[in-house]
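I have a structure here, written as C-alpha cells, and I will follow up with some questions on it.
When the chains are written out, they are named A, B and C in that same order, and each has its own residue count from 1.
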Amino acid sequence: MLQSGRVSGLIYLLIVAASALYFIKRGEKGNIPEIRRVSGLDAIEEAIGRATEMGRPVFCSHGISGLSDATYGPQTIAGLSVLNYVARLCARYATRVIVPVRQVSVYPIAREIVETAYKLEGKPEQFRPEDIVYLSGFQFGYSLGYMSLMERERAGANIMVGAYWAESLQLSETGARVGALQVSGTANTHQIPFFVVATDYTLIGEEIYAAGAYLSKDPAMVGSIVAQDIGKFIGIALIVLGVIVGLSGTNYIVKLLEM
Amino acid sequence: MAWYKRVEIPIIITAICALIQILPYYFTLGASVEDFQATFVNWQMVVGTGATFVGAIAILQLHIPRIMKRRPQWEYSTALVAMFVIMLIFGLPIRELGLGLDNSVFEFLYGNVLTPLSSTMYSIIAFFIASAAYRAFRARSLEATILLVAGSLLLLKNAPIGTAVWPGFGTIGDWLFNVPNMSTQRAILIGGALGAIVLGVRAMTGYERGYLRGGGE
Amino acid sequence: MVAEGETIWDKLENIDRRILYLLIWIVVLPPLISPIGLPISISPSTVAYYEAIEKLPPGSMVVVSFDFGLSALGELYPIAVATFHHLFSRPVKFAIIATWNEGPIVAKMIIDKLNPEQTYHKVYGEDWIFLGWAPGGEQAMAALGRDIWGTITKDYIYKKPVSQYPIMQHLKSAKDVDILISLETGTPGADEWVRQWWEPYHVPMLVACIGVMAPTVAPYVQAGQCLGLLPGLRAGAEYEKLLGRPELATAAADAISTSHILVLAFVIIGNIGYFAKRRRRME
C-alpha cells in the first residue's frame, strides 16, 4: 500500500503536520510561544510609512508563480498573505497600493484582497481597481511592465514576497534606482543572493511562510511556527546521527531514510 | 451572507484537492485513483486556460481607457493593443484560413519580435548584476566583507582568465561552491520545505486566511 | 568633473550606472566579434557530463528535455547545440520532449541547424524522435514517467501516432530510459525531474542550466542523482573544448572574462572610494 522509498518522508511529514496542529491548539488556549523578530517583516510598516510621508505609492507583488504548483504555490499564498497586511495598512494611511500581477488565476484573488482591505478599513471609495494591474503572462513582459510602472509612478516602497526567478534583480535594481525602500522575500534559493544585494530587507526561505502568521499576530497561527523548529530538530538529529553512524562504517541512517 | 460566499468553501476545496494530490504520492491506491488524480490535473489546466481570458480582458481594460483618454504614454498602449489583436488573429487555430501557430505572420512575429525581445530582457540582467555588485559589495562590516571576498573569488573562478592566471582560483571557487554554498543552500531548502508544510497545514485547516479576501473576514 | 562639495572619493563611490553599462558593452562586444582565445581549464563536472554521454553503450535510450524558453537562448543555445552534436555522433537513440511551451520552438531551431539526416545520417523515427510539448509541468513529468505513449500521443514533426515509430517500441515509460538530459532555466526543471523520474525510477540525469541555477542543481550532483552538470556559458565552452568543436560558447568565454574583470574593477574602485571617505571622516 505504501510507496517504497517514501515511507520515511511520510513519517516526517506526519510528525511536522501533527506538531503544527498541536501548537495551533496550544496557541488557541493562550500558550503563545516567543518568536524572534523578523526585521524584514517589521520593516514593512516602516516602508509604507515612508512612502506615505513621501506621497508616493507602495508596490506590493506576490511573485510570478500561480497557486497550483507544489513547490511555488505556497510561496504565492505567503505573498498574498503579505499583500493582505500591506493593503490594510495602505488603506489605513490612505496610500496608493499598486499590485502588479503575472498570473491570471491570481489576479481576481489579489483584487479581492485589496478591495476587501479597503472595505474593512471603512474606505471602500478609495479602492482603485486599476491599481491591481495584470501586466503579462510572459515572464519578461511582466518584469518590463513592473519596472516601467515603478519608474513612472516613482514607487516609495516596493514589497516583493513570493516565488521570483530571473526578474528578481531587474525589479529590485529598478526599485533601488527610483529610491524605494524595498522588502523582498523568496524561497527560491537561487534568487536570494540577488535580493540580498539589491534590496533593503530580505526574508530568506522559511521566513516568508511564517509571514502570514507573524503579521496576523494570531496566537494559533504564531503557535504553528514552532512546528517548523520541531522539524528542524529532527533534521539536525538525523544529520548528526548520520555522520556518527557513517563514520563507524555503516549506512543504517541512509537505509532508514531510503525506506 | 449567501452560502456560496462563505469563506469555508474555498478552504474545504483546497483541503480536498490537496489530499487528492498528496495521498497517491505516498500510497499505492490503484489505477482508478491515479486516473482521478490525472483528471483533477486536467481540470486544473482547463481552468487555468480559461483564466487566460481574464488576463486578456484585464489587459484591455487597462490599456483601452488609457488610449481613449490620451493618458501619458498612451502611444505604447496603442502598440500593445495592436500587437495583441494581430497575434490573436493570426494565431487562431483555424487551419482552413491558413491561421494558427504555423501561419507565416505569426511565426515571423514570434521569431523576429518576441524572441529577440525576450532575449534582450534576459540579457539586461548582466548589466543589473554589474550595477548591483558595484553598489552592494562594500566592506562595511565583517559579513559584507565575507560576501565581497567570496563574490570576488567566484567571479575569478568563473572567468576563464582568472583560472588561466592562477589555477588556485578554480580550487578555491570550487570549495566555496561545494562546501559553504551547498550547505547553506540545503539548510534554506530544508527550512523552506518545513515552512511550506506548516503553511499547508494552516491553509488546509483554515487558519491561514490571509490569502483569502480580507483575511477571510 | 567633480561637483561642488563633492570629492573625488564621492565620485568613485557613486559612479553613474550608465557609465558602467556602457563600459560593459565596450568590453563584451569585441571578444564576441573577434574571440581572443584565452585558455580554458576544464572542470570535473564538465568531464563527467561529457563522459556520461560518451560512455553510453550503443542502443542506449536517452530523453532530452527542453525545460527552457526563448529568453535563455543566449546562454543555453550553444550548450544545447553541442549536446545534440554529441548525441547525434554517438550510436544511441533519443527522444526530445519539452516541458516549457516554448521548448519545441527552441528545439526545432537547434535541429534545423544541425540537420541530422544529412550531417549525421540519423533516421527520424528510428534513431531519434521529436515528441513536442507535454503540458502540465511537474504533473506532466509524472505522467510521462508512467506512460509516455499515453501522455504524448503524436510526434511534433509529422503529427503521427507515436506508436507507429520504431524507436517508440523501445520507449514506453521512464523505466526504458537510460539517461535523462535536462536543458533548463528554472521551473519545471531538475527539481521536478528528481522528484518524478529519479525517486520512483532511478533514471540518472545530466543537467545543462543557466549559471544562476548551478547552486540549486549542485546538491543533486553530490547525491549522485545528477551525473554531470554544465552551468552556464563557461561550462559550455569547456564542453565544446572536450568535443573539439569550438563554437559560440568558446567565443562567449572571452566576453565572460572581460565582463567579470570589469565588474571586479568597479567593486575595487567603489571600495577605494568608501575607505578613503571613511578615513577622512575618522581624521
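The criterion applied here is as follows: contacts are C-beta pairs under 8 Å (C-beta built on N, C-alpha and C of every residue); 3 or more make two chains touch, one makes a residue touch a chain.
These numbers were taken from a predicted model, which means no experiment stands behind them.
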Considering A-C alongside A-B, which chain pair is linked by more C-beta pairs in contact? A-B
Using only alpha carbons, which chain's centroid is the nearest to the whole structure's centroid? B
Outermost chain relative to chain B, judged by CA means, is C
Please compute the C-alpha centroid of chain B, do the same for chain C, then give the distance between them in whole Å. 19
Chain A to chain B: how many Å between their CA centres? 14
Rounded to a whole Å, what is the gap between the Cα centroids of chain A and chain C? 29
Residues of chain B that contact two or more other chains, please. 118, 121-122, 129, 131, 133, 135, 137, 185, 189
Hey, what residues on chain A touch two or more of the other chains? 3, 6, 70-71, 140, 166, 189
Two or more other chains are touched by the chain C residues 17, 71, 215-216
Contact residues on chain B for chain A in the complex? 21, 25-28, 44, 47-48, 51-52, 54-55, 58-59, 61-62, 72-73, 117-118, 121-122, 124-125, 128-129, 131-133, 135-137, 147, 185, 188-192, 194-203, 205, 207-208, 210-215, 217
Complex interface listing, chain B residues touching chain C: 34, 38, 41, 45, 110-111, 114-115, 118-119, 121-123, 126-127, 129-131, 133-135, 137-140, 148, 151-152, 155-156, 158-164, 167, 170, 174, 177-178, 181-182, 185-186, 189
Flag every residue of chain C that touches chain B in the complex, lowest number first. 15, 17, 20-21, 24, 28, 38-41, 43, 69-74, 105, 135-136, 139, 143, 146, 211, 214-216, 218-219, 222, 232, 234, 237, 253-254, 256-264, 266-267, 270-271, 274-275
In the complex of these two chains, what residues of chain A are touching chain C? 3, 5-6, 65, 69-72, 139-140, 165-166, 177, 189-191
Which bits of chain C are touching chain A when the two form their complex? 17, 71, 137-138, 185-187, 191-192, 199-200, 212-213, 215-216
